[in-house]
Amino acid sequence: MCRWLAYSGSPVSVHDLLYKPENSLVVQGQHSRLGAETTNGDGFGIGWYGFGETPGVFHSIEPAWNDRNLRDISAQIESPLVFAHIRASSGTPIQQTNCHPFRHGRRLWMHNGLIREFHAVKRDLVLEVDPALYPEIEGSTDSEVLFFLALTFGLEDDPPGAVARAVGLVEETGRRYGVEHPIQMTVATTDGANVWAFRYSSEGASRSLFYSTDVSTLRHQYPDNPVLHGLSDESRLVVSEPLGDLAGAWNEVPESSWGVIREGQDELHHFVPRPPSA
Amino acid sequence: MCRWLAYSGSPVSVHDLLYKPENSLVVQGQHSRLGAETTNGDGFGIGWYGFGETPGVFHSIEPAWNDRNLRDISAQIESPLVFAHIRASSGTPIQQTNCHPFRHGRRLWMHNGLIREFHAVKRDLVLEVDPALYPEIEGSTDSEVLFFLALTFGLEDDPPGAVARAVGLVEETGRRYGVEHPIQMTVATTDGANVWAFRYSSEGASRSLFYSTDVSTLRHQYPDNPVLHGLSDESRLVVSEPLGDLAGAWNEVPESSWGVIREGQDELHHFVPRPPSA
Amino acid sequence: MCRWLAYSGSPVSVHDLLYKPENSLVVQGQHSRLGAETTNGDGFGIGWYGFGETPGVFHSIEPAWNDRNLRDISAQIESPLVFAHIRASSGTPIQQTNCHPFRHGRRLWMHNGLIREFHAVKRDLVLEVDPALYPEIEGSTDSEVLFFLALTFGLEDDPPGAVARAVGLVEETGRRYGVEHPIQMTVATTDGANVWAFRYSSEGASRSLFYSTDVSTLRHQYPDNPVLHGLSDESRLVVSEPLGDLAGAWNEVPESSWGVIREGQDELHHFVPRPPSA
Amino acid sequence: MCRWLAYSGSPVSVHDLLYKPENSLVVQGQHSRLGAETTNGDGFGIGWYGFGETPGVFHSIEPAWNDRNLRDISAQIESPLVFAHIRASSGTPIQQTNCHPFRHGRRLWMHNGLIREFHAVKRDLVLEVDPALYPEIEGSTDSEVLFFLALTFGLEDDPPGAVARAVGLVEETGRRYGVEHPIQMTVATTDGANVWAFRYSSEGASRSLFYSTDVSTLRHQYPDNPVLHGLSDESRLVVSEPLGDLAGAWNEVPESSWGVIREGQDELHHFVPRPPSA
């Protein structure tokens, strides 16, 4: 439904990140190779950490490939942690409040996929959002509701646990309405230091998700590639689809799993939703 | 907060309605005389009855005075029943789904004013919306929630009663949260045949609202005014502020009242909210 | 580069024209079958004849498949002569003044293709535009300049001759700058009564163009197709690509030719540019 | 017609510059005190120097007071040289290519005022633009044409001389068409190091323009004002109207004059247009 990328590492030019790769996110807007849709032209957004506590976000309803502001603004941003997302709407309106990444305080969230039969289950799900958080919901997407459910269930303290509970609730609610496979998702979320990524779907056939190989390994493999020398060893990308064809550079995130990218050792685990009734 | 007009009568050019009067709605966008704000540039919308059961709507996030499409499209529409609204946001985002008039089936709804402390009371109000209607809420304004409350309370069958109950609920809810004057409003709603207009505020000092004098009376008064000869006797306007200075042409809608414009005799009544606890 | 359709015949719902066919223009926005690009998401426009002398136009920078106003407004328009265009920019900005159809007085104009090396030849071409017309140029596209050249060379009186001279000038100018194949085009233009269509390219390999078969013939062929019974015998479509798979319904406009659709006998001729030096 | 500000000095938050002052540029969008119009809601733009040779620009067709991206992006930019502009169109379309500041290479340009009877004189003026620069003109405003005339006449090497020649040409051309007072302007332009500001009008009654008093002087005057302690001695603002009421903080730029702000001594001179025939 959408395409996204998350970058963490040495500060990079957001422009280089978005426009330079052969199969860059901007290229994927018109010619996604692995997406459910080849076109992802229903708005876009970027989020990044820079000045102040709150990350910057820029949302637009134009296709990313057209947006001159994106080209210009991204060239003026260098950041060690960047989220970028291009949207293919599953029906909700094209408006800035429906563009990812969504932000709450210092947190960002973006999602590819959908909550099935969202129209039917929306009210029940929204009722589970913490009343103190409820008025912060600004748009009308399933993705933002999923974010607010995760916030309700403790995203600040235990992201994998909070997402497991949010997904468990979505599945249990959907099934109550007769939805066979209530959720399809890849999700990235960050607190400005760590990036958590999730790949899961009720049907066990999730949207594609990849993470980049350790830069030091790649540098050994490609000693003459100048791009790789500008990056710290810890730099890492998580992407809906590979940004290019460099052999060995990309690893698929396994079905039903979550991982965390952070200073020190990254981790990869099995993901199991936690339904409220459990 | 906003400015609106409702027209019912012989088919008119929407372009003439919006642009020709001396103090037209488009002029009011930059120079409102009686509004809470002189500028109403936060998007606009029109709704009209033409082909098919569903009225047409056109919503834009640009100021009305700039919008070339409005100029062009309105020149291609003649309609016997037109709603038009220019917005001055009280905080919610500028997006098409927040532009009036709101539509549900054959009904239109527009509002000038606000639900005070909407952030605090929103969840409680939304919970009162009929669950079958809830997923149809598309935007994030207080005005749309008020519309859905009215729909929940029977707007289809008894508009004055439904609005009285919706306003009663808003007041009772607001006061529970310590809001002294929970609502301020002028509202217009229509089913495509009749137009109901409401002027009310908890503090008894409501936004301005006017209705036009009977055309046959005006024609007697101004036998040489050509505009008046193109209109049927039943043609009537309800507006946030007079569209011009023709003496005798405009009557203030009294404080705390509602009226209906329709074929046959128009009516004007006292408006009393009906709180749920009553 | 773009996709367009021109309709002339019994009044039709613009909504039906744009959304109902299997391979409708709106579908072509994301999945063009025969276009140079599969995505045509860089804005769109419609033009139609209705009230008054001047045709209505509606231009938007959003992709057509997203635009809720298009869906709504088109459902409120019935017209005997409709132009519609979805854009894939060849580099010029996405803004309403660059959206087709362009309008001058009662005339509309739309174009698929490009003037090659437009950056290099633009000034020379613009200098040939009638100084009285020059200030009416509002956007920055090659397509609009081509329109104003045709207007300069007599589009009002002799459309095929004027277009032949405009194209001749573009070719002669381009070649002076070393451009091998200066123009690629399908063009439609109308005065509100007749529709002229052109298919031509300097390299003799022009973008696809089709016209619909005579409705009475189709009706004989498909006596049970209800759509065909709603249309007058004279109804005709010219389109960048067929709107569906009905066998026998579409004929390719031959390479290097122009035709006119009008009351009475339609015509189809060879198209030969007329360079100024000739 | 418009309002603008130019800042040069110690790096500042663009957000603070745009939103914090009592009569900030964003406030002036709805309530300009000294402007020809109280509303300046026809788009806006900012330009700033940061990464790379080319300054960043962000242009939007929304009113500045509405734009959430402006609020967010500006909070992520600190820059020693910032231009900001809010537009009140004198008739040309609201589109990003008509938003100031205009950019050419490392230069920025913004303008408040107008070329009178631009429709009549536009072609003659555009013909004087260097043919090598001509294709870079992207929008349709008088302000951009004035910029390109200044570039043609040597803005890179001698800004005051180039502007004098551009204005001289505009006046001579306008008078040829019977325009009594061909130009009204305040202009700011920069090469990333120096800022030149101009105040001039053919009628000798130019739009307001002010520059800030030397910061060290202000600091003596207001030893307790914390804002003044964050700024370097060389920090300077040039603005269409004062951003606040601090006595002694603002000096009017005299009628018919130009000044330059730069490291070392600032300068202020009489401005005299240089007509081509002179």
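Each chain gets a letter, A, B, C and D, in the order it is written, and its residues are counted from 1.
Just so it is clear, a contact is a pair of C-beta atoms (placed from the backbone, for glycine too) under 8 Å apart; a residue touches a chain by one contact, two chains touch by 3 or more.
What you see is a predicted model, and the numbers here were worked out from it, not measured in a lab.
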- Task: Go through B-C and C-D and name the pair with more C-beta contacts between its chains.
- Result: B-C
- Can you check how far apart chain C and chain D are, centre to centre, with Cα atoms defining each centre and the answer in Å? 41
- Residues within chain C bordering two or more other chains: 68, 93, 96
- Message: Using the definition of touching given at the top, classify the network of chains in this structure as line, ring, star, complete or other.
- Response: complete
- Message: So in the complex, the part of chain A that touches chain C is made up of which residues?
- Response: 30, 37-39, 41-42, 61-63, 66, 68, 89, 93-94
- Message: Per the contact definition, I'd like the list of chain C residues that touch chain B in the complex.
- Response: 13, 48, 50-52, 54, 56-60, 68-69, 72-73, 75-78, 96
- Item | Of all residues in chain B, those that touch chain A in their complex | 93, 95-97, 119-120, 122-123, 127, 131, 134-135, 137-140
